[in-house]
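Consider the two complexes below, in which chain A is the common component and chain B and chain C are the respective partners.
And then the complex of A and B:
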């Protein structure tokens, strides 16, 4: 018993023999602190200066709540749509060989590269009541531009590459033999997709969803052109922050930012917990 | 279930992988498809499974034409070299998968599926591992689960594609014996692919030797080893040596000397003489023998392998001598093959 070390609890896992653990960890921490932690803690600091009651009054304000609802609701809807169609696009790119496949593959990245304002203006032009698509939808009573539906469309555009690019590599790794094994065991094509392929892709799909969702919550440039920005109806939280800033109402701006930060962090935490649970189970 | 492969041809993008292959497999037989890579053995196995469709020809299970059926309907058990287990399912769920995806009355109740899975786990000697995930098993254990999964659907034929190829030598030998036991206990008609001749000869009732998309020879281990019917089989199975010779009036000549072997039915002309290095008799004098100068001599396990240079063209052949044989010390050795075969010169 005397030889047993008394220290227990937190300990570093033995790093490998390759040197550089101390250096790289130190750099990573310093870098993350500089780039992420200091600005965010500044945000929390400024809104904390506000005091609890004032903070709550700003957050519980009808306009703030509506803006948050619109931001998170449209981001969620857009991410959900992207999960379905992004997975489909990834499937087509991975599984089929057709002329122009590389061009389609490259096209997926365009929303990454395009200035978001350009995307917003282009989409608004298309979906406005007198635009090419808006004109067709008008008689059906569907109004896209200047409504939350427009926001969803802008966010679908922005979020698509996140889903495709996270699902695609995992899909490429799927062993063809696993599908063949299922087929020889008598599984139909539908059963193979739902019982074999989908569970294998689920973690990647969840990651793609959370990335697209996070991007959607924070998106500003493309949304403000198509949203119409009517308070209580199509005003997103990031825009509300900008409005408060322009009113020199810094406390209100930081309060809204802080609550967005908390909500986003919470959602990403949940997603990560789901991920690590599934990783532990399936290796 | 008998399996009959009838004049099957398979092309991939016009490149022929199998030329007109026919093979009869008896019910309950354990058959090995043996050949180097690219010989078409895996293609033949996949055609039987229905994972590929023949370009020409048909495959019969009993009297039924199986080539008209989809993979799902064929009811074959297929075991892959890299296991192909469903990694998000437990061992028990993997084994029960084939029963769970059935429809209607042919689908057993959940309890029955579970019972069947643990029964099969007992058979493959992995009792108690129902709740594990494939990632938590060793390679040998995974392959056993894969076999149990394939047997769960009571297949008409069991097909194994290099089943032990990814395992290390020790586990391989163990699983080989174990597969034979399982085959004897269950009696499934089984076809397995291998490039390991030891595995094929030891395990199979009959061995199908394949090369370049054709079947070279079908036979028991003894037939394949003792009476190879082509230079390829001679070279591929076991050790062999060969010499270019000439046949004249039923006598075999090496360069300008007769070697004391007669082949009364062979056509006159150029030919290749094949023999096993260990199946030779050493001679003292040389009136009708093959004589050569010793170029190299190596100890290989229980024998000494001597490389001889023969004749003016310095053809090299190998023969095997007992370790303590005095001939290995000499600079010139004369011998005559005991068992040999002539093939037309290539």
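And then the complex of A and C:
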């Protein structure tokens, strides 16, 4: 085991009697580097090797921009829908008592456990013009399968547990006494929800939204079946990467992947900033 | 350990004023909306899977599952999970030991890196290996010269699966071991146990349910992964087709019964995972730590 000689004021690790630091940290770092870091930096390296003009030509291509718009737009819409219904589901699970609550609670994790391809073909069958739900929507002139709306439906399915599981524990921690105090001071239920409950939940809701959004942007398996995959209309960015790979157009696949990664990280950064702002704002 | 059912009833008093809870009709409406939403988005897709699988009777269902291509897809999925899950278990335990038992510089950064695969699109997770090992890849020429096949073969599928399931075990164990502290291990060591004995007889029993929980989630994702595996597999029927990929092929051939028959197996796996997960949470909630969800 390697312990750096103790320099005044700075040491790599605090002394401990527990053995195995060098072995476990060494193995973990080696495994992380081999499996994750080297392959990911390969992607960065390959897109840097493209050069700015080539990179920009691929990214500014109308089909690429359309695919990115569809991916980010549908993921945003789905995450917004999930914020509303996910928060409601969490509220019902935390505040109300009803038979079978534990089963409903367990079901919320289904999208984590169900393989995305299975979700994809099941949702497509449901929302196809002759499917159980598609049949009902047809007379109303609403087409879901093979349109961007279908993508949103698939992403709502995928993202739901992210919102519920982020908001639920925070809701459970809310002290009822605060609500009671507000009530005795004459606040209406509406005031209590908007002025007391919501500010406390806002950071969790933002986190849930960003997790669902990030997952939705990259989602592939559940979307490609229901989307119809028409270029410029319902073609998502991950699918465009796969199409470029199948054409052996590695530079294009790499560039689209790099821009997706960059946008995702940028988004996470913005979300973190919003979150620290809301934490300051609402304490 | 407190029974979670009893605990969750505790803060509720029946004599609640209208300002502390919603009125009865409002409550009914909220619950109805929530159930309708869950019914449409979660329950119906699940019913559709089994309904379509059995649409032409049990005979057609078992026939679809007995086809050689389906069987080889099932075998490959089991093989890939059998390799990649243990790899991530070893990594998860090792990373959790280093991060939870010791204080060192850069710990937060390391924890962030471990979570990285969750924020990468599955397609990109596959793509990075294609860029590395593909014919035009960085190592492509070298691999070809040495006759090593990674892409469009089992090693590539395993690598992609390891990538996407990388964080599951580690992120379950790290908070749990941090919560438990070092007291037990220090006691064992002071009584003369060596490091390995301390891990095997003290730490592992302490975290076994949390570990099982992480393994359960890791396995579900390993067997169900689609995007990453799809990119590296090459879709060779009977050879590099995992179950989710086989679902896609059958579905695109308009073989609905076949596709949904294989899908029903995966849906069954998901249901078993959910049941076991719920049982673990109910029975050993405290020993899994406050890390529900992902």
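The rule is simple: the second predicted complex is superposed on the first by the 239 of 283 C-alpha atoms of A that agree within 3 Å, B and C clash if a C-alpha of one lies under 4 Å from a C-alpha of the other, contacts with A are read in each partner's own complex, and residues count from 1 in each chain.
Note that a residue touches a chain if its C-beta (ideal position, glycine included) is under 8 Å from a C-beta of that chain, and two chains touch if they have at least 3 such contacts.
These figures come from a predicted structure and were not determined experimentally.
J.: Who does A:182 touch here: chain B (first), chain C (second), both, or neither?
T.: both
J.: Identify the partner contact of A:271: answer first if only chain B is touched, second if only chain C is, both if each is, neither if none is.
T.: In the superposition, A:271 touches no partner, neither chain B nor chain C.
J.: Mind working out whether A:263 is in touch with chain B, chain C, both or neither, as first, second, both or neither?
T.: neither
J.: For A:241, is the partner it touches chain B (first), chain C (second), both, or none of the two (neither)?
T.: second
J.: In this superposed model, does chain C or chain B come into contact with more residues of chain A?
T.: So, of the two partners, C touches more residues of chain A.
J.: I'd like to know which partner A:48 touches here: chain B for first, chain C for second, both or neither.
T.: A:48 contacts neither chain B nor chain C.
J.: In the overlay, answer first, second, both or neither for which of chain B and chain C A:195 touches.
T.: First partner only, chain B.
J.: Counting only touches as set out at the top, which of chain B and chain C does A:25 meet: first, second, both, neither?
T.: In the superposed model, A:25 contacts chain C only, not chain B.
J.: List the residues of chain A that touch chain B in one complex and chain C in the other.
T.: Residues 180, 182-183, 187-188 of chain A touch both chain B and chain C.
J.: If we count contacts the way the header does, which residues on chain C are in touch with chain A in the complex?
T.: 9, 11-12, 17-22, 27, 30-31, 33-35, 37-38, 40-46, 48-49, 52, 90-91, 94-95, 97-98, 101-105, 110, 113-114, 116-117, 119-124, 127-132, 134, 136, 138, 159, 162-163, 166, 182, 185-186, 189-190, 194-195, 198-199, 217, 220, 223-227, 230-231, 243-245, 247-248, 251, 256, 259-260, 263, 266-267, 269-271, 273-275, 277-278, 282, 290, 292-294
J.: Taking the touch rule as given, give the residues of chain A at its contact with chain B in the complex, in rising order.
T.: 175, 177-178, 180-188, 191, 195-196, 199-200, 281-283
J.: Looking at the complex, which residues from chain B come into contact with chain A?
T.: 49-51, 71-72, 74-78, 80, 82, 84-88, 97-98, 101-102, 133-136, 146, 149-150, 152-153
J.: Mind listing the chain A positions that touch chain C in their complex?
T.: 12-14, 16-21, 23-25, 27-29, 31-32, 35-40, 42-43, 46, 85, 88-89, 91-92, 95-98, 102, 104-119, 121-123, 125-126, 131-133, 156-157, 160-162, 164-166, 168-169, 176, 179-180, 182-183, 187-189, 192, 214, 217-221, 225, 238-239, 241-242, 245, 248, 250, 253-254, 257, 260-261, 264-265, 268
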